[in-house]
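As structure tokens, the structure follows; a few thoughts come after it.
Think of it as A, B, C and D in the order they're written, each chain with its own count starting at 1.
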Amino acid sequence: MDKLLSFMERTLLPVTAKIVENRYMQAIRNAFIGSALPMIIVGSIFLILAIPPLPDGLHGGWLGRVSEWLTEARPMLMIPYQLTFGLVAFWVCYGVAESLAKHYKMDGGRVGLMAMATLLVFCLPVGVRQHGHLVGLSAISLDRFLDDLGAVGLFVAMLTGIGVAELNRFLLRRGLILKMPPAVPQNVSRSFEMMVPAFLAVGSAFLLEWWATTTWSPQPLDPATALTLPQIVMAKLSFLVQASDTLPSAILQIWLMMLLWAVGIHGMNVVSSVAYPLWQNNLSSNIAELGAGEQATHIVSEPFFHMYAHLGGSGATLPLVFMLLRSHVSQLKQVGRVALVPALFNINEPVVFGVPIALNPILALPLLAAPTVIVTINFLAMHSGLVPVPTVQPPLTMPVFLGGFLADGSWRGTVLQGVDLAVAGLIYYPFFKLYEKKLSHFAAGE
Amino acid sequence: MDKLLSFMERTLLPVTAKIVENRYMQAIRNAFIGSALPMIIVGSIFLILAIPPLPDGLHGGWLGRVSEWLTEARPMLMIPYQLTFGLVAFWVCYGVAESLAKHYKMDGGRVGLMAMATLLVFCLPVGVRQHGHLVGLSAISLDRFLDDLGAVGLFVAMLTGIGVAELNRFLLRRGLILKMPPAVPQNVSRSFEMMVPAFLAVGSAFLLEWWATTTWSPQPLDPATALTLPQIVMAKLSFLVQASDTLPSAILQIWLMMLLWAVGIHGMNVVSSVAYPLWQNNLSSNIAELGAGEQATHIVSEPFFHMYAHLGGSGATLPLVFMLLRSHVSQLKQVGRVALVPALFNINEPVVFGVPIALNPILALPLLAAPTVIVTINFLAMHSGLVPVPTVQPPLTMPVFLGGFLADGSWRGTVLQGVDLAVAGLIYYPFFKLYEKKLSHFAAGE
Amino acid sequence: MNRNIVLVCSFGLSTSLLVNSMETAAKEAGAQVRIRAIGSNEVPDVVDETDVFLIAPQVRYLLNGIAAHGLPAGVIEGRAYALADGRAALHQALSLLEQGV
Amino acid sequence: MNRNIVLVCSFGLSTSLLVNSMETAAKEAGAQVRIRAIGSNEVPDVVDETDVFLIAPQVRYLLNGIAAHGLPAGVIEGRAYALADGRAALHQALSLLEQGV
């Protein structure tokens, strides 16, 4: 086991470094954390206000009238959500371009705006005819346009952000921009430097969209059915999104995260670099279903892991902290004391490196097993409808029990977290005892 | 005259300082130059491509077919323009918030995005009913939504940018934000710090919009006629926009600019601080008319001054440069040599301070008179339909003749510039000779 | 002259404890240091104002990339990181500084 | 030690000539200076790296606001500005530096 862990570390470290250090992956992660996350979380709050977690079947009385009004006003109350979280691809597009531009020492804000304008072009079908005449944006519905700026457009948005930043870099390097003398102040010279890249970005997006719409849309071209690039790309990638929302995928993802953490690498960080867009898609689909008065059905999203699996931090280590606090080995007790408060906010690096769990042949096993079992339980509980699926993404530091309630707007989420904690505790306990014993032996042997 | 000029300087300097140094005015100017200008100019290029300056009445032949296709495809070809220049308020809103946030040492990009999300809320009527039911964004047309992000929404966009930045500052100062420990990296802590301000900004925009829509829209509320805040504000301010597009207004504006320049203050800078939104409105109205196949009718816009009045720089000093070059006073000849190349790109500080014109009692008169006469000629020429009104905003450094052609897409614009140059030359010439004589006397007296 | 110690972590939520404790340790030891934590993406921005990088163990795969900037850099020992042992981390930073690159 | 001279203008299109000519003058005179031009809005950002401000005549209404930062500041003489007379402007900057605030 010891050998296996150190072999894994040697193998995984370089791969991880490549994934996480890749500048595009970094830009995407920065975009999600820096630009989209506030919109996602604030949007989630508006969503809770628009579709509050009230018990079903309220009729009559004060609460019943509120509930009825809320149902009637839902389309209107969804607006603040739709214009924040609902435009997640728009904010991500800005963030990716801004972050990458800063990486290249260019003006992040300006490049970010240029990427936004470019993405907007991709969200309108081009070359569509109505009554035989070519039509412009007046023929497209606002609904469909904004849809493309949401989860549907995430892949195209990330690519647009990268593409626009790279275009700027290429043109700047080759000197193919309107260059002002060095003495001209930055705000003016930057404005002029943007003109050639902005023209090329928006112009080529327009031509690409024209080609894509006319090539891939159902014929004859019609504003109601014509497809945009985000829709086309999403259709091609929908197998990925669908595949991501299955039990094997959930287990694969948690396994990867925990394998990395077993050798002390930030697994959530690495896996989310790749999986975040898929999670956001599933979450957004849930909200769309909810908004339409249907049952939300997509299970595997960010809160599925952060709220229901990583209880007290990656690996569901909260029960372990309580065991540490009551340990007779003073070293472990000390770790428990330091680790308690962070663990209440789902931060468990003190546990992982203090006990340590990382690279620990005894504790690596429950670190892998506990979250896997929990994820399986949660998936089945949500799939069977016992517990609603998550529709809200609370901040990752949301304490356990509260997080479970907020994420699916139901006390059943809280109960599920309780069950998960008990299961995790049962799995950790024997291994913890074994490790404690080993440490006592060492202490006695000294 | 000498006394008058120095009195004006003493009076105007502090007023100018207040207008230009005001942090909101600075933020608005930065927003137009840094964030909106690239979009305005690139959008103008797309506009030229969509509505190229082809002679009227082309039928048959190769050029005729191109012309016909262009007319047919116009709604589609307008898209790149509509999503760049057409969203000028959207970019200005970001720019104002970003610039003001940076002034307050906050994160410009994040505050800018928050302002954009807030502005989007203002562009949707809230509380509208259709068939008796409250409706959300699906009932609103994309056309009207995007309209509000254009010139119509400029005033609200600037106020939104200022409001959101001030809200952030207020909450930050009072500590009313989710504060992370100082050791948390900036990208994460900023993301958390945005949540309270973003919630309050979007939330209160929603409530304000709800109140505004239900209070000011024609009753009964209907998605087709309900008004948004940008539309309501624009309606209240439309008298200003209309008043701005008159000959007295044009003369007043050029007088202010030239009075300031007469005492050596950057007049265009000061006047545009206030007038830019009005100019943009007039320009956008022209483009809307053009897009609808009508005649553009709004005269007083940015290119009306930059392209047709400030020939060779503020004050139409280009003819003066040629007089300088041929002067027998070596001092003037020297200024002419330095001033020639900048003047070809409409930069005339070397003339203003080299001759000098500023604070020069002899040359202050033609500096005021020449642009006033030119502006009057141009206004009348455009009003009578002899010359088309400007529909495109070339960069301010666009050389004379070329700029006149580009701004209205017609050779008549170039001819008008030629006439203007001749008139300016005639007005400057006697005063120039007088001044030259005075200098020769001095030189002889020495 | 103040030496700049920069801690590199991922989301940085767990690093704040260590920074505080290192600052206390520095005060006790009379060491002239400025300590801050940054996310991995900020590394290129702060290179000019950094004398030594300490890397959190869960992102130790960043070591090679960071060391390429030509400054002393090391991974914080797991237990010191976990227990927010400021003295140990400070000691590690100072000895990295002494060794140079 | 390099002294930082910052020229403040409006759009800055006309200041570039002067910067170049000042740099030439500085080289000739062997003066150790770094010269740059900024827009008026950038003043607060560069205060820390500035030793003296020179203000273009057409934005001379900025003088009071800029002088409030407690650094030597002056308006460039019109003719020196107009003719891109680097020597005169450099001389003005250096004497402002000598006088202090």
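Rule of thumb we're sticking to: contacts are C-beta pairs under 8 Å (C-beta built on N, C-alpha and C of every residue); 3 or more make two chains touch, one makes a residue touch a chain.
Note that the coordinates shown come from a computational prediction; the quantities given were computed from them, not determined experimentally.
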Notebook entry, point to check: Out of curiosity, which chains are bumping into both subunit A and subunit D?
Noted result: B
Check: Between subunit A and subunit B, what's the gap in Å when you average each chain's C-alpha atoms?
Finding: 40
Checklist line | Computed distance of Cα centres, subunit C from subunit B, in Å | finding: 49
Note to self: As a quick test, compute the distance in whole Å between the mean CA positions of subunit A and subunit C.
What the structure shows: 29
Note to self: Two-or-more-chain contact residues of subunit D, please, as numbers and ranges.
What the structure shows: 11, 13, 17, 41
Check: So which bits of subunit B are touching at least two other chains?
Finding: 30, 33, 187-188
Check: Between which chains does touch occur?
Finding: A-B, A-C, A-D, B-C, B-D
Item checked: subunit D-facing residues of subunit B, complex -> 13-14, 16-17, 20-21, 26, 29-30, 33, 99, 102-103, 261, 264-266, 269, 334-335, 338-339, 342, 345, 347, 349-356, 358, 397
Next item on the list: Would you mind writing out the residues of subunit D in touch with subunit A in their complex?
Entry: 7, 9, 11-13, 15-20, 36-39, 41-42
Note to self: Which residues of subunit A touch subunit B once you look at their complex with the stated criterion?
What the structure shows: 30, 33-35, 37-39, 41-42, 45-46, 72-80, 82-84, 87, 91, 94, 98, 108-110, 112-114, 117, 120-121, 124, 126-128, 133-143, 145-146, 187-188, 190-192, 194-195, 198-199, 202-203, 206, 395
Check: Where on subunit A is subunit D touching in the complex?
Finding: 180-189
Margin query: List the residues on subunit C that touch subunit A in their complex, please.
Written below: 10-11, 13-14, 17, 40-41, 44-45, 56-62, 64-65, 78-79, 81-84
